[in-house]
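First chain A sits with chain B, and in the next complex the same chain sits with chain C.
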Partner chain A sequence: MKGTMISLAEVRRKRRNTLVISVMLIGILAAFLISMNTGVIRMSPLDVVKTLLGFGTAQQHLVLFDFRLPRIIISILIGMGLAVSGAVLQALTRNALADPGIIGINSGAGMVILLYVAFYSSPTAAPAYLLPILAWLGGGVAALLVFIISYRKHKGLSSNRLVLNGVAISSGFSAVTILVSLRINPEQYQFVSTWLAGSIWSKDWSYVTALLPFIVVLLPFVYFKSQTINVLNLGAPLATGLGAAVAKQQIWLLAAAVGLASSCVAVSGSIGFVGLIAPHLARRLVGQRYQILLPATALAGGLLVLVADTLGRWILQPSEIPTGIVVAVIGAPYFLYLMFRTKG
Partner chain B sequence: MAENSRLHNSQLESEPALAGQEVERLYSRPITAILIILGGLVALILALVLSVSFGAMDIKFLMVWDAIFHFNPDLKEHQVIHELRLPRVLGCMLVGSAFAVAGAIMQGMTRNPLADSGLLGLNSGAGFALALCFAFAPGLSYSYIMMFSFLGAAVSTIVVVVLGASVRGGLTPMRMVLAGVTLSALLTALSEGIALYFRIGQELAFWYAGGVAGIRWEQLKVMFPWVGVALIAAMVLSRSITMLSLGEEVSKGLGLRTGPVKLAGVIIVIMLAGSAVSVAGAVSFIGLLVPHVARKLVGVDYKWIIPTSAVLGALLVVLADLAARTVHPPYETPIGTMIALIGVPFFLYLANKERREL
Partner chain C sequence: MFGKGKKLVIVLLSVMSLSLVLAACGGNKENNGNANNAATESASPTPAATETAAAPTEQKLTDGMGHEVTIPANPQRIIASYLEDYLVALGVKPVAQWSVANGIQEYLQGDLKDIPTIAYDLPYEAVTSFTPDLMILGANSTVDGGKYDQYAKIAPTFVLGDEVNNDWRKALLKIGEVLQKKDQAQKVLDDYNAKAADAKTKLQAAIPDQSVAAIWLVGNKFYVVSDKLSSGTVLYNDLGLKVPNVVKEISASGTGSWNEISLEKLADLDADHLILVNSDKATGSEALKDPIWQSIPAVKNGHVYEYDRTSSWLYYGPVASSQMIDNVLKDLVK
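The block that comes next holds the complex of A and B.
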């Protein structure tokens, strides 16, 4: 009797999870079509589908495949990367308020990219594949700094300290970024300011191919580790008791989270709050198990950034609002609401 | 806040050794304070002369004296000193004192060691209001700009206070900082959006990071009375702030009506932070750094902490401005960045001190 009840609950939960995932997929598809349709050159949804299938005019083909499609794909990839990175960081630090932006990864990665832009060349001349790697370096240094400062010998990582130190390190890196950005010429400055505001500037297929390997390798890696993340999420003492090699796993997962976030920042500029909101939304919908939470988080993140990017292009046509600003305007109030709800 | 004091009390009860330390820490050093304030004023005058004489155009020290006391409008040097450098240095002093005293009052009232008008989002509130001004009413007179700046600071103060009041058990220092950072992120994002749309990015960006280069006499004339009145009010209020800094229960026990005092404190903070932001931009960390140093030097009595903070804050900003002009001439580095470079390590030190789990 008891067994059947459990399995009933299990079945119900599975059905619910499938529903959530499919609704999100449909959402992304819908946002995809709308986003394809958004821009100076109008196209009906039917034309979009036609062109996608290869029956459009040459102009439609150019607009869709060379301008809009790469951007949309980048938006989805960035959303996924940042969201999963946030979910992993939240489990590692056991802090519901952790986010790649708050931990300092965004500003670290941003600083390195800017140093590169300032001293070597214009961003467009830079080989696209180099940017994510550079960003990983900067993000890694920032994250490492924050973790080392927050680590206490006998108590381990204090998650509150981690957030505070992250805030401080972030503003330190931003200060250096400003120092550098004031010395560059006005043309570069224009790029830098939109980049800092989180604009998906690279609408080129080469950036898709630069970002894709990171996402394709790191997302499955994190997904295969989801059982480990479940265990780590219980806290280091309990995880050790359950037989996990805590320190080793933490370092691997941290490297993956930093890699995901930094490669996204390299292509998109600093977009905050995605890594915070998407996991929270997903957790509310599908619960704590990372096997299902991670895919749901990835989809929620992709949907969020795609919608934000589309909104940013749509609101003030023909000029654009950087995606980062749109996300912040949605994300910051949600974050305050979360803080307001959870008890200290 | 309530949670804080509870934590505080339980620490006192459970650890008598700590209690001894806590009592020992309640010291005040009036003589040291007077010496520091006098020494600080002398240093400030020296810094003023140095800062005025240094710049793209090299000017001798004696010339500075002449320009101030025997102003001759025919001389180019006198013109530069009188029109550009003097207001700039005086502006730096006012800005420094205002941010530092605002920070001191906030730290005393909230008992939050990380309180600072920048970190808690007041500065970006004022900044957002200014971005609106630049975008929708360009060429607005400076007194109006300052009014809007006050308004912006007041709105974000209300948000932080309401958040603090509505969370059960009060906001811990960490949550308060997080709320402030998030609020700043939101307001900065909105300001950036406005800046990009109205193409006022470049002027706004420099101002945002702390631009004191543009300070002129007319701004000083508007700003000075506000800062002056607020500083005097802060001194009048200092006794009550000292009591508040001992905890809500203690100050009530000592017969303080905490409500009106807190309201007055908040108004002073808004006046100080709002007017400082309106000329210098959203500079963080001054209000964090200076009061801590002052407290270390002169003890826990706000009657001494406030004037010491005012003097040291002025000195810090004048020196930071001097450094900002020296680093990479003839370009200027925003002082906000210079101060962040000192402030960040200090913040890290404060946040990571042992014994205090925030």
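The block that comes next holds the complex of A and C.
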């Protein structure tokens, strides 16, 4: 009797999960189509479809394939990457407020960009790839620092240490950033701050191809580790008791989370809120199990950033609002609502 | 059993969504090429029948950043954002003009009155919507982060580069070359030089050995023009006016065209005449009520000539410089 009850609940839950995932996929598809139609150059949905099928004018081709499409794909990819990175970090640190920013990735990347701009007065002198690579290195080094300080032989990673050291390193890097920013001229500062605000300024295919390998390799990797994440989420002592090689798994997953987040930050600037909010959103919809939570988180993140980017392009036409700001503006109230609901 | 099936569905859906993304990428590469060709094809054969004496032909030039650019013979739809000064000097009308959230280049509006504006950061689609056949850009920073390749897909794009862009004489001649109006550019330059030389003699007769500084008031802070950049070159180089010691000192340590001057330094300002560009007029210019400002000798003597932020003093180029000379003559040669 009890057995059937559980399996019925199970079936219902699975049905619900499938529904959630499908709705999110449809949402992304819808946002994709709307985004394709959004921009200074007016194109009817019919024009868009025609152009996608190869019957558009040269100008429509250019706008769709070179300006809008890469940007949409980058938005979805970084949304997925940051969200999954956040979900993994929340499990590893067992801290619901963890996100890629907490292990210093954003501040590390930001500092390196600022130092570069400060010392080589014009960011343009650099080849287009240099800034993302620098940001990647900065984010990686910051995370590595946090990681080394938090690691204890025999004990593995302590989640509290990870969070505290992350906060400390981030503030240290931010302090350096502020210090240096006082010494650079307004134009340089503007460049850095636009970059930091998450304006996706590099929107062509080369950045899609640079980002894609990370996403394609690391997302499935993390997904195949979902059972491990479930166990780790129980806390190190319990996980050890259950036979998990805690330290080793933590290192692998942390490396994956850092790889995802810093490659996203490198391409997009720091779009901070996604890594925090997308996992929470997904968790409310599909529950704690990472097998389903991870795909849901990825979709939620992709949808969030895509919608934010589309809104950012649409609200103040022909000017654009940096995506990071839009994410924060739509994310923050929802997040507060979530906290409010959870408490009640 | 059932659970497994559902799980498979979810995995399949995720894989499908990912492959959709991948397919979109892969498929695009070809279209990319197509759009490219089509864009260049449509760019060249537009020029309307023209009857210029020496019929100009398409030319290949290397721009300030090393790009080889094919410039159409007779570009009709030019975007040269923040370089409109030169176009006006050469009698060319762009299809769109530079703008920021709070303004446009007012001092050029006599010539650019009905020309639509484009945001200063030149978003791709906004540029595309004007279907330009030539883009001329100034500073290297305008094509940051791989933007050049994208602009070049819209229209042939010529970047002057920082070195040329920072010297309006060089920029004028370069733009003259790009637009095949070399002689005209040279004439504009010669006329300017003659005008400056004439003004210089008049100034030396009227106010011999007196110094002038240009001060910009914005956000309650004072900035002083560098003795070697921007409007500073007009004052001190072209017109041979004397550089006040404080200006020399600040220019030596600062790097910008306009460098901030502290209130203490302001008290020491040893200029006989002050050109004040006041961007704070709308907010009441509180800083001008400060006793330190009031105590500057030039202010006490009433030798302050005020201009608002729309005047040419904050800009740089043949038209702006020429207007500055007019201003100086009006103020200082009575």
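Note that in this section the second predicted complex is superposed on the first by the 269 of 344 C-alpha atoms of A that agree within 3 Å, B and C clash if a C-alpha of one lies under 4 Å from a C-alpha of the other, contacts with A are read in each partner's own complex, and residues count from 1 in each chain.
Note that contacts are C-beta pairs under 8 Å (C-beta built on N, C-alpha and C of every residue); 3 or more make two chains touch, one makes a residue touch a chain.
Note that the structure is predicted; figures quoted are calculated from it, not measured.
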Partner chain in contact with A:39 - chain B first, chain C second, else both or neither: second
Dominant contact partner of chain A by residue count, chain C or chain B: C
Which superposed partner A:97 touches (first chain B, second chain C, both, neither): first
Chain B versus chain C as contact partner of A:22, first or second or both or neither: second
First (chain B), second (chain C), both or neither touched by A:333: first
Partner chain in contact with A:322 - chain B first, chain C second, else both or neither: first
Touched partner set for A:175, first chain B, second chain C, both or neither: first
First (chain B), second (chain C), both or neither touched by A:236: neither
Overlap of the chain B and chain C footprints on chain A, listed as residue numbers: 319
Partner chain A, residues of chain B touching it in the complex: 3, 114, 163, 166-172, 174-175, 177-179, 181-183, 185-186, 188-190, 192-193, 196-197, 201-202, 205-206, 209, 284, 328, 331, 333-334, 336-337, 340-341, 343-345, 347-348, 351-352, 357-358
Parts of chain A lying in touch with chain B, wherever the complex brings them together: 97, 102, 149-150, 158, 160-161, 163-165, 167-169, 171-172, 174-176, 178-179, 182-183, 186, 189, 193-194, 197, 272-273, 316, 319, 321-322, 324-325, 328-329, 332-333, 335-336, 339-340, 343-344
Chain A residues within the chain C interface of the complex: 10-11, 14-15, 17-18, 21-22, 25, 28, 39-41, 54, 57-59, 61-63, 65-67, 69, 73, 76-77, 121-125, 128, 131, 185, 187, 191, 201-209, 212, 216, 219, 291-292, 295, 298-299, 318-320
Complex interface listing, chain C residues touching chain A: 2-3, 6-7, 9-11, 13-14, 17-18, 21-22, 24-25, 28-29, 31-32, 34-35, 38-39, 41-42, 101, 118-119, 121, 123-126, 128-129, 131, 139-141, 143-147, 149-150, 153-154, 162, 255-256
